[in-house]
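In the two complexes that follow, chain A is the common piece, with chain B as its partner first and chain C second.
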Partner chain A sequence: MRDVRRRAGGGPSAGLGKGARALLLAAACLAMAAPFLWMAATSLMGQLEVFSSGRLLPETALWSNYPDALTAQPFARYFLNSLLFAAVVVAGQVATATTAGYAFARLEFPGRDRVFMLFLATMMVPVVIVLIPRFLMIDALGWIDSYQGLVSTELVSVWGIFLMRQYFRTVPRELEDAARVDGAGPLRIFWNVALPLAKPAVATLALFAFIDAWKNFLWPLLVTRSMEMRVVEVGIAAFHSTYEINWPYQMAAGVVAVLPIALLFLFTQRYFVRGIQLEGIR
Partner chain B sequence: MTKAPRDVVLKGVEKRFGDVTAVDAVDLEVRAGELLVLVGPSGCGKSTLLRLIAGLEEATAGEVWIGGRAVDDVAPGDRDVAMVFQSYALYPHMTVARNLGFGLRVRGVGRDEVAEQVGRAAEVLGLGELLDRRPGQLSGGQQQRVALGRAMVRDPGVFLFDEPLSNLDAGLRLRTRDEIAALHRRLGTTMIFVTHDQVEALSLGQRVAVMDRGRIQQVGTPREIYRRPGNLFVAGFVGSPPINQLPLARDRQDRLAGGPFVFPGESPHPTATLAVRPEDLTITTTSSPTPTHPHGTSEPPPGTPTHPPAYTRIPPDPTALPPAPPRTPPDPPPFPATVLRVESLGAEQRLHLDGPAGAAWIARTSPAHPVTAGDPVQVSVAWDRTHLFGPDGRRTGTAPTPAATSDHA
Partner chain C sequence: MRGGDGGGRGAGRGRGSGPSPGALRAAATAATALGLALILGVAAGTVSHGRHDNATHVARMAAALWELPAGGDAAVTAFLEGRATIGPDEKAGPGAHAYRAGTLEPAAWIAVAPEEPGPGWPLIPTTLALLGLSLMSAWAFARRRFPPPSRYPTLPALPATLLLAATAVASTSWAHRALGDLSAGRAVHGTRAIEVALAHGADPGHAPRVAGLPWATTEGLASPDELWTLPREVAEAVAAAPPSAPAYTVTVGGATYHVARTAFPTPTSPAPPIPQDPTATEPDAANPANHLHLVLLGYEDTRSPAIPLAAAAAAPALATILLLFLLPLSARPRALRRTLTAWGFLSPAAALLLLFTFGPLLFSLWISLHEWHLVDPVHPFTGLANYGALLLDGEWWSAIRNTAVFTLHVPFAMAVALGLALLTRRSRRAVRWARLALFLPGITSVVAIAVVWKWLLDDGYGLVNRALEGVGLGSVAWLTSPDTALVTLMAISVWMVVGYQMVVFQAGLAAIPRDWYDAARVDGAGPLQRFRHITLPGLRHTLFFVLVTSVIGSFQVFGLVYVMTEGGPLGSTDVAVYHIYREAWEFLRVGNAAAMSWVLFAVVFVATWLHFRLLERRWAHA
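Moving on, here comes the complex of A and B:
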């Protein structure tokens, strides 16, 4: 935004600044894109070609790597698992974050803000620290290697609650007052007034939840054992066995795994931007 | 839309937010079918009082009765009230039709009946073509009508208006004001209307309750409020241009005096305030071709017919009250003053005067006799229309005609 203002001001440095900015952006773009380009290039190479020094592009594109990689393991099943996992996580996080966020924003109950601060405090705790306790809990429940074990710890997102709370606080109170005078109770107000108005925030939350779930590797790796329970990310990693690393296959599977996210981003860019603008904490 | 209107009774209602008392021991009775206006400066507690009636706030103490029923434990939706908000508070994600019908749908009214009621309200308010639009696609005036319609559809026993006109431009505000008055005549429902605009209050209210600092200062008809303000606050708040004031103090003979005026009789109060409306001043100018008072500072000999003033007094603010009957002769004695500034408003002329003891006074005069700034004039006061307020601000009566004006004014 500052840039816009500066440009509008039309200072003497504007022309020079523009060129420098473009250059900087181009460099940043390249830095961001390079790993993906490398991944794409590697996915088309032969097993040994990968290690020939100084090679960035395949001599001949080995398109057969794709079908081969995707059939080397039951990737159809993996994708289904990933999709299911992500869908349930999205549904769960939207359900918990909207209700809890609304409660923290609008309902009045003793200790509300203190409880909320406690929630926020958990964001300071790195995920890896709670990984083991979570695992032990799931194990104690006998849910290792099951869908419920996979999703149950991912259904609540403190960030999501925070996002929704902040958004609900911007919904004009008079709207809710009007609904109260119209005879609506808290649930009705939430469902018919507050939630429909929070659609942009819900979209942002759903998007981030989906991506987080899709790229979640560590947790599915820990709680799943059998091939049938694996998600895509774990499957990709499995090309990396003790005795053999099949880079082209791994990269081919990687490209396929990234595609849905890239497509999603194309169509939902504005929600990404909004999500980042809203909170600035991601 | 024919339901018995309900009365609203407040008994010792109090609302505190932490240390702040927003509403302080308010007793108020709004009669069934009445249009009562709550008026006061911003922060006086009038909106909070309305929200207490609606049930959107819980009273710290006291009771709210609606239609003979204590409603303190009754949810807003079950109080048989409908409210129009300052921001209109239309649900932005719903069409006009759904906005209008929301209250009915919440109550489980069937789809056909909702449609019928919505259609009827839309017809009354001329919203028929807008039913499928969203609030964001409407002008301010249209949104206002939808808000009104949403309240009407509910067919409530009491309408509550929280400054519904303050977001409209001047012309639309006048028109909507008339429409609300017409709506009240048509529905006969109890209406409580909150505004900070005293002109709006006087023009719309059958009775007006003036509030300040959480307390009701006076309740009465617009005429009573204007003509017999119960205290100095009401006198100063109601009326535009504001009432002229002059602080008075006891002189050596225990008479009240201030500026050129000395009032006969011993005063029970050490100080007081004299107040007189701008239209209760009669201006006579020496430069006028019409005969004027020859000796401005002395009383004319008894029996001498007083010269007609060069500038006839004009009726008060036309939106406020019917004109007072003309008064002849003007009460003696006049005092001299200088015109500092002239506001020509078309229908009237406002003279800013260097008033008694340097007080800034304003006189309303007929524009038929133009005055220019710097003109010396004589000002006579309609003493029987003045007000005296004691040191506590309460009205003690009209000021007596002063015995004499001091010459050193």
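Moving on, here comes the complex of A and C:
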């Protein structure tokens, strides 16, 4: 497979030399990474230095910006909230998507495909439509500014259900049939046979759920009010409006927000790529 | 009819016992009559109780400020608290929405605790009656339609019964709450106040301010636009009323507002509203201009109980439908077991989707048909008025236009991403290292990205403008000029999405068979021809997928706008979701906002449909 792809040249880039292509790619990477590099550089500059000097790198690295910025607002708490939020969302989405995906892929019941299409159709609906009613519902429950209000609407992902269904359909049935012959019930088959086989898809789903939860801005902005309940995204937005021109502090906070995702991506990128490709090919 | 009776008898025979169909029918009829009588009784009691002498309410208006800042206007607080009875659930009162959402300052709203608890409604008996009614009628009807087999599976009936019971209890208790809202104890839902400075010609800053109360000058009081915190018609009525009118009422839909003006001396304790103002003097307590003037609006829910009643009546109907769905299956125990198993697996996802997606969709449609103000407990039904108003709302259409223009970044991003995918096609090792740089913008914190770009594009000190000036090109007002701001956001968005699109294209490219290229090469096709005749057609499904999902996504852009431009300058980057956000959580007009979100959905739907219509068919037959 790999050597096939290596030889399968096509398109205009095939006309370019290897060196030219590497150069182009490097330029593209630099363009993509430049804002992050500038963010890191600014985060180490002095508050006035950013306005006066035209330097690209700080004169002396001002590491104290980090502790100062991160204690100016309770960023530790923001991180804890984000982590908790993301963890619960991941657990919830994995639980709902694996069970529902298994039902759609393996179990038979009247109206199965119609229900599945109905689920899929919600992917086209802009989230903003349901925000107002969700907000009113969460408010009626008295859950505004609470963890349960933050997570409860995010526990199911139709994309995840779709992903798991597609994956379960590719897993051979023989093992499940064998378990059934041995007298295992549906729950046992799901838990002991199907789910372990679906680990790669679960990893992909968990990863995407984590990233989406970490990036989620609008919903936490609506349902949290107190500083203690903010997630990182909302915290940085609030920090930005408070420390409007203190760019080094803001950049320090930004670096700290970007870093966990960058590290996560570094170690898990094959799951990322697989998830995107599963989604893209259908 | 006859057949059903036969079936009923058959079941009776098979089990050796069981009620006869005649008795069942009689029981169902009795339960129906009882349920209807109870519903009507509750309604009559509610309506007769709910009519109160409103004038006394206004006179005894009990106001409570929620949270005055510590050490604030102590005397004002004392005065207001002297009038207040703060109920145990006061924090859940009207205004709590906005208060907790952080869109209003604390103490912006005055709430009134219920004067007395409303009479306890016979919740349990009515619920039981409705439950019985639903079960009986459904049972009787189902037996007639679906003759049961001789051996009736009893176990699967248990979840069905539990489901029915839960449905009936939930809907009746909701109906009761809604009815209770109309009852005596809650006739007046709350009071809202506007602080008015009567200081003609004086610096309005001299008038004492109660922290966070919506505020107007006497001139402002005559302009509905200044009173945007009130429902439109109320604001118009207040603005139209002569200043001398002491008390009057405004009825909008199901809400009656009792408007009264009151003035009282303000504390002499210093409460400078603008501390920086050096000319500020101590307020003169004798000057009436320095008295605290409040326009108090006690509002009362005078809706008819039709909707709660309909909901209560819908409970048995819903239960019947559920039973009808389950009963035919119960004739085939294996199929039933399979179905129940499958729904057992589905239920976590299905319940959450029902609760937080499908339910809210209908609820949103319902909201959009009302004049629904986030802090008002009553929402008069206005039909399509919100949509009609939207048609003429220039700002909304400009937001839609901005969104559509913003979406034009998608083809650019796709072109760049396709180029990158082709570039990295043959060197997988290079890709692995390039991926982090290419991907990070798409997966990391949008807010952090927005902040760093704001800094990069800063007019005077941003790196980009400094570089431009350095090479003598002159600086560009990236985000501060209405001509460029939207284009800037589009460029940033391209930067954000190309990494993701590139990976999708790589997958699509890998799926094109190598033989095609070899054959083309044998035929003497050059790189451009191979691209045109093999790569593009081979990628058309991928291209279509990326196009559709990216367009849907870009219609929902929010974070960038929220952090970088706040819709400005001059509304040039006011995109649809940001506009809806402001309408709902800043101006609190959720009815309007819901209508807008449906219009946005329609636009997205039409755009997607057009894509399918115009592109997919053509590409599929290319």
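List of remarks:
Keep in mind that, in the parts below, the second predicted complex is superposed on the first by the 243 of 282 C-alpha atoms of A that agree within 3 Å, B and C clash if a C-alpha of one lies under 4 Å from a C-alpha of the other, contacts with A are read in each partner's own complex, and residues count from 1 in each chain.
To be clear about the criterion, contacts are C-beta pairs under 8 Å (C-beta built on N, C-alpha and C of every residue); 3 or more make two chains touch, one makes a residue touch a chain.
What you see is a predicted model, and the numbers here were worked out from it, not measured in a lab.
When both complexes are overlaid on chain A, the residue A:Ala203 reaches neither chain B nor chain C. More residues of chain A lie in contact with C than with the other chain of the pair chain B and chain C.
In the superposition on chain A, A:Leu120 contacts neither chain B nor chain C. Applying the stated contact rule after C-alpha superposition, one finds that A:Val158 touches chain C and leaves chain B untouched.
When the shared chain is aligned, chain C comes close enough to touch A:Val130, but chain B does not. When the two complexes are overlaid on their common chain A, residue A:Phe190 makes contact with chain C while staying clear of chain B.
In the superposition on chain A, none of the residues of chain A is touched both by chain B in one structure and by chain C in the other.
Chain A contributes residues 2, 4-15, 21-22, 24-25, 28-33, 35-36, 38-39, 42, 50-51, 54, 95-97, 99-100, 102-104, 107-110, 112, 115, 119, 122, 124-137, 139, 142, 144-145, 152-153, 155-156, 158, 161, 186, 190, 211, 214-215, 217-218, 221-223, 225, 232-234, 236-237, 240, 247, 250-251, 253-254, 257-258, 261-262, 265-266, 269, 272-273, 276-277, 279-282 to its touches with chain C in the complex.
The touching residues of chain A, counted against chain B in their complex, run 172, 174-175, 177-185, 188, 192-193, 196-197, 199. For chain B in complex with chain A, the residues that touch the partner chain are 51, 54-56, 75-78, 81-83, 85-87, 89-93, 102-103, 106-107, 150, 154. Listed in rising order, the residues of chain C touching chain A in the complex are 92, 96-97, 100-102, 329, 338-339, 341-343, 345-346, 348-350, 352-353, 355-361, 363-364, 367, 419-420, 422-428, 430, 432, 434-441, 443-449, 451-456, 461, 463, 466, 470, 495, 498-500, 503-504, 506-508, 510-512, 514, 517, 526-528, 530-531, 534-535, 541-542, 545-546, 552, 555-556, 558-559, 562-563, 576-577, 580-581, 584-585, 590, 593-594, 597-598, 600-601, 604-605, 608.
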